[in-house]
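Presented below are the structures under discussion, each in the form of structure tokens.
What follows is chain A paired twice: with chain B in the first complex and chain C in the second.
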Partner chain A sequence: MSIREHSSIQAVRTEGRIARNRVRDSLPSFPGVPYLYILPFFIFFAVFLAFPVVYTLYLSFFEYHGVGEGFLFAIDLGVFAVEVPRISNVEFVGLENYTRMVGDGLFWLSMWNTVIITVFQMPLMVLVSLGVALALNASFIKLSGLQRTLIALPVSANFVAYSTIFLMIFSEQFGLANYVIQLVGFEPIAWQSDRWWARVMLAITLDWRWMGYNMLILFAGLQNIPGRLYEAAEIDGASAWQKFRYVTVPQLKPMLLFVIVLSTVGSMQLFSEPFIITEGGPSNSTITILYYIYDQAFVYFNLGYASALTYVLVGVVTALSIIEMKIGGED
Partner chain B sequence: MSVASKKPDLPVQFGVYISLLIVIVLTLVPFYWMIVGATLPQDQFFTYPPRFLPGTHFFENLADLRDRFPYLLSIWNSIFVATVYTVLSLFLCSLAGFAFAKYEFAYKEYLFYFILATVVLPVQIMIIPLFLLMANFGLLDTHIALILPFAANPVGIFLMRQSMKSIPDSWLDSARIDGASEFQLYYRIALPSVKPALAALAVILFLFQWNAFLYPLVVLTSEELFTIPLAIERLVGQHRLYFDQIMVATALAIIPITILFLLLQKYFVRGFAGTAYQP
Partner chain C sequence: MTSIELDSVNKIYDSEGGEICAVNDMDLEIQEGEFLVFVGPSGCGKTTTLRMIAGLEDVTTGTIEFGDEDVTDLRARDRDIAMVFQDYALYPHMSVRDNIGFGLRLSTDIPESEIASMVEETAEMLGIEDLLPKKPSDLSGGQQQRVALGRAIIREPSVFLLDEPLSNLDAKLRDSMRKEIMELQQQLGITSVYVTHDQTEAMAMSDRVAVLNDGELQQCGPPEDVYRNPTNQFVAGFLGSPSMNFLEATVSSDGDTVTFNGDADFVYHSEASSIAEALGDRNRCTVGIRPEDLVVGAESGFNVTVTVVEAMGDENVVYAQVGDAEIRARVDSQHRLSAGDDILLGFDDDNVYLFDAETGDSLRTKDLDSAEETEKRITSPER
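Up next is the complex of A and B:
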């Protein structure tokens, strides 16, 4: 904004509302302008977002036989032709892809693995990030900003790169984790070869990556609680615990719910970490649902079945988010 | 600002500090371990007990890595793809966001909420059709295939509309009186007045593309086109023994972005806290 523009704003303002409307009416009108502005976005949106979302649903009722050739339909309009290519060669199978899941043991195992890893991972992460956010928000803490920055550092770590570091930390023979565990007098842990420890290892890895991120969100939420609420509670003689219970918790609840829903949605889409660190093993105990979809789609090229699995995943994610918001919205 | 106006007892304060210190150490250990691994010669890294002090072998390891894999090219590919994607997406989102914030047109609300509703859809739902589309367009194994999808970003258009709503109509009207064209309103007034929001969105978009793994894994096959995540995956998958070099690769992937995070922290935080987006 230049000074000249500012002064002309003032001039328009002083003319008053009626005068301004008259000015606006006298301006040349460009009815097409907003459409022109949203057009590029909508072209990309239609081709790369709306179409794929619908096409995945469509594919879930078909069996895939390879990339398509020719056109689904072509209309010659004289000036130009509308040609919609057949992008895949498919055969209608009705609900077969969905009924197939019922008897697919690996599908259920991948669901189970995903849920188990989430259950191991999320409570610890939410509790620690809440605790850290509360501590950093306390008045007596020095260097709160610096500590916040250090704890938030993992938010900048590339998924595949940090997974690789944890692959080494949890190496059974030479890893740092087992070294420290033996140092304090325990037996080394079979991180890579025991089904349950492999899931715990992934949970720890995810906690490291996302704790700081959630702490930042919760910290922002704490900062937004108006100070007068605490002052009022103090005047009423509330103890520290009471202030936490009756001011902080209710005020922070929307943010806490946000963090929990976000984490659930994120864990249900877990892929890079098991792909890099465990490769789904040992004995498929860390194959997540998205990992299984990837295998079905791009290793076996069962694109129809993979599409059906994708829609089931989306359904589960949506259902879980709604349930969490319902539970969180009560009381 | 502060939760408690009265300071708690000293032992409590001490306990809080110790707890925070533990969290900070646990946060930093993997970074430190990465640096140790990247700077030690290979035969000294996989030893028992593990080494705890960094060595001086970084450039030798880097040279070995470059003999094994065109990794510097992967870094360039990642920067190139993420930058072009970010610029394209910022343009699409800000232009459309401006229309939704400052113009009236038919079905405006419906269109906007239709776009916004797609925020809840996970990116994975589009991958199979995107793969087929790119196969049909002949764009498999190209960077264009990474850049075009996800450019029309619902989070982006939402952020742009929200921040541009606060631009006073009178600014736009007076600029029109001064003879500005409609497009000048966009790039002379709207864009400069939402710079912080643009920066926050740029961070979100850049990191989204920078971290993307599953979709590039599906689309790219040539090593010389690989982005950083694919390159590291290939190294881990096929050259698992050379962990010194793999740690150099991860260090080069993580350290520059960490420095960027330290410099642009407020935009990172604004981007994270302002959106429901876990890329």
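Up next is the complex of A and C:
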């Protein structure tokens, strides 16, 4: 007889439960107390997420003139007064912030830069991470766990630290990248002064950082594909390529879609790398949309315009994600 | 349709604790169009053998031939086989229609329109034509198994392999699918190898049954032969439900009478010459009696105390204890027995099986007339 089935232990457990229930039932209950327990979450949610989201939308219809003075409104109840201070000194401008974008060359350029970097970076990363995940999933690979950890490690690198190192690697005169390129007999590449190579450099930097992370997601997906399906396909006469095409890809589709959407969203929000490595140059060719929003908000203090840009970016990212999911066939 | 021949097939796995022999020196010939069932307890090597025939598992040593062709080193996709898996292994992202037609699309140049009509035909044969547009996740276990069967038979393979295809189904569905698979196999006449741990399934379905234990083929023959003339104690105990009763006994002989003395009250005197002959000069052996051959209320026999009675309706299965041994008897339900009753169980000389106490080899089986004939069919009688 196992301990679990032992009658005296059963009795103790039952008695303990009954006693606990009796204590609970005898305590007075206050209505609404449960809500108190979940309140901290809602306070943090409201202050740090809900309020900024709503206030940004509000701000996008105003022009910002500085920190607010005085009160937005005050209610005098005789005994005491409620006074809501003015956060900012703003002036209502309607849709002007949005219409301003149409004629803003730098907005279009930063949008274009972001899209170009995404177009270089995302497919390359998905292909490389899929390839690495497939290789690590192969049965003949030794120390797969250690290799996975090493490959995924860059994701924990500090933004500034790794960006600085890539700045050195891609230094046109003294960098490791050009040294290797010259070693194998090619001309050095103008990573910092050519607008296209600067974008490619950012794409490579991003791929280095995020490839391991995406590889892990795809690897987990691969591990979840039942081996039986490959056996069934083998018996049905499938070659290695056909097994990949008709079993691996469809089975991995949700993970692939996740990686693609997440990478697109991430690339569209690119900021730290161009800020540190290229500082937006050469000639604004690596200014990303988020970089531009940052400049507008915290360099020029055009908070209203920056808010409007932010909402446009949210719209673009949402639209792109929806398109990707529609193409991916995710219901 | 082809014959299959396994010649000294071994399968050895490397593991941390050394080598594990999953299949040991298996010799077996499966005739064209035959329905052969591998049966045995978990880990006996039956699935491994099937997977080696399929080409999903490498053969360590030995050869496998389909007809005159050596397929030992051929890949599964080049062997012209079809397989039904225990968990069906349908492609979850494809419709039933695509699942069934997938193999044809990959391995033949049959035009799409013809594949479509072949799929319809197969589905109709299996009664799943309504399910064609559905995905496997929308189907019940029985329906999924039908789709898996359809996927296997549409290609008209020369060998049809089934790996415990019914074990995920409930009892009632299992019975009806069992019948359907048998009908299908008879209709198509494809050489079929079926793996199961369920001896009832093995007995009911097979042309020949191959009993495996610890990676070794114990006996192979028509189910009734194997049931009546088991080659050793393992086979005798494995086939039949409830399983055969075994009583260890010392043997003493006094003129024409042989006396068996077992645990507790088990004493058995026999004057049958065949029993004395089978024993030779042994002074110990194991006596085997099938539960259906035990009779309640016989004139002579041995006393037992009933421990449990399972009422089956038409009959009762009575469990009783003799010393350390448990005795199972199938008795007519008119005997109203209950736990604690003392009863006398008797049996006929003709129904006695004898096994060597050390090796477990059969010394005497039930049907003496056919024993010699069966001996010839046994491919690997040695343990």
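What we mean here is this: the second predicted complex is superposed on the first by the 287 of 331 C-alpha atoms of A that agree within 3 Å, B and C clash if a C-alpha of one lies under 4 Å from a C-alpha of the other, contacts with A are read in each partner's own complex, and residues count from 1 in each chain.
The rule is short, and it goes like this: a residue touches a chain if its C-beta (ideal position, glycine included) is under 8 Å from a C-beta of that chain, and two chains touch if they have at least 3 such contacts.
In this text the structure is predicted, and so the values were computed from the model without any measurement.
If you put the two complexes together on chain A, you find that chain B and chain C both fit without a clash. Using the contact criterion defined above for the overlaid structures, shared-chain residue A:246 touches chain C, although it does not reach chain B.
By the touch criterion defined above, A:226 lies against chain C but remains apart from chain B after alignment on the C-alpha atoms of chain A. Within the superposed three-chain model, A:89 lies out of touch with both chain B and chain C [touch as defined at top].
Taking the C-alpha centre of chain A as the apex, the lines running to the C-alpha centres of chain B and chain C meet at 90 degrees, rounded to a multiple of 10.
By the touch criterion defined above, A:213 reaches chain B but does not reach chain C. Of the two partner chains placed around the shared chain by superposition, chain B and chain C are both touched by A:234. Within the superposed three-chain model, A:284 lies out of touch with both chain B and chain C [touch as defined at top].
By the touch criterion defined above, A:174 reaches chain B but does not reach chain C.
Measured by the number of chain A residues touched, the leading partner among chain B and chain C is B. Between chain B and chain C, the smallest C-alpha to C-alpha distance in the superposed model amounts to 7 Å. Looking at chain A, you'll find residues 231, 234 touch chain B in one structure and chain C in the other.
Taken in their complex, chain B has these residues touching chain A: 1-5, 7-8, 13, 16-17, 19-20, 23-24, 26-31, 33-34, 37, 46-50, 91-93, 95-96, 98-100, 103-105, 108, 111, 115, 118, 120-122, 124-133, 135-136, 148-152, 154, 157, 168, 170-171, 173-178, 182, 186, 189, 192-193, 207, 210-211, 213-214, 217-218, 228-230, 232-233, 236, 243, 246-247, 249-250, 253-254, 257-258, 260-262, 265, 268-269, 272-273, 276, 278.
Of all the residues in chain C, the ones that touch chain A in their complex are 54-56, 75-77, 81-83, 85, 87, 89-94, 102-103, 106-107, 151, 155.
Against chain C, the residues of chain A that register as touching in their complex are 226, 228-229, 231-239, 242, 246-247, 250-251, 253.
Across the interface of their complex, chain B is touched by residues 1, 5, 8-9, 11-13, 20, 23-24, 27, 30-31, 33-35, 37-38, 40-45, 47-53, 55-56, 59, 67-68, 85, 87-88, 128, 131-132, 134-141, 147, 149-162, 164-169, 173-176, 179, 208, 211-213, 216-217, 220, 222-223, 227, 230-231, 234, 240, 243-244, 248, 258, 261-262, 265-266, 269, 271-272, 275-276, 290, 293-294, 297-298, 303, 306-307, 310-311, 313-314, 317-318, 321 of chain A.
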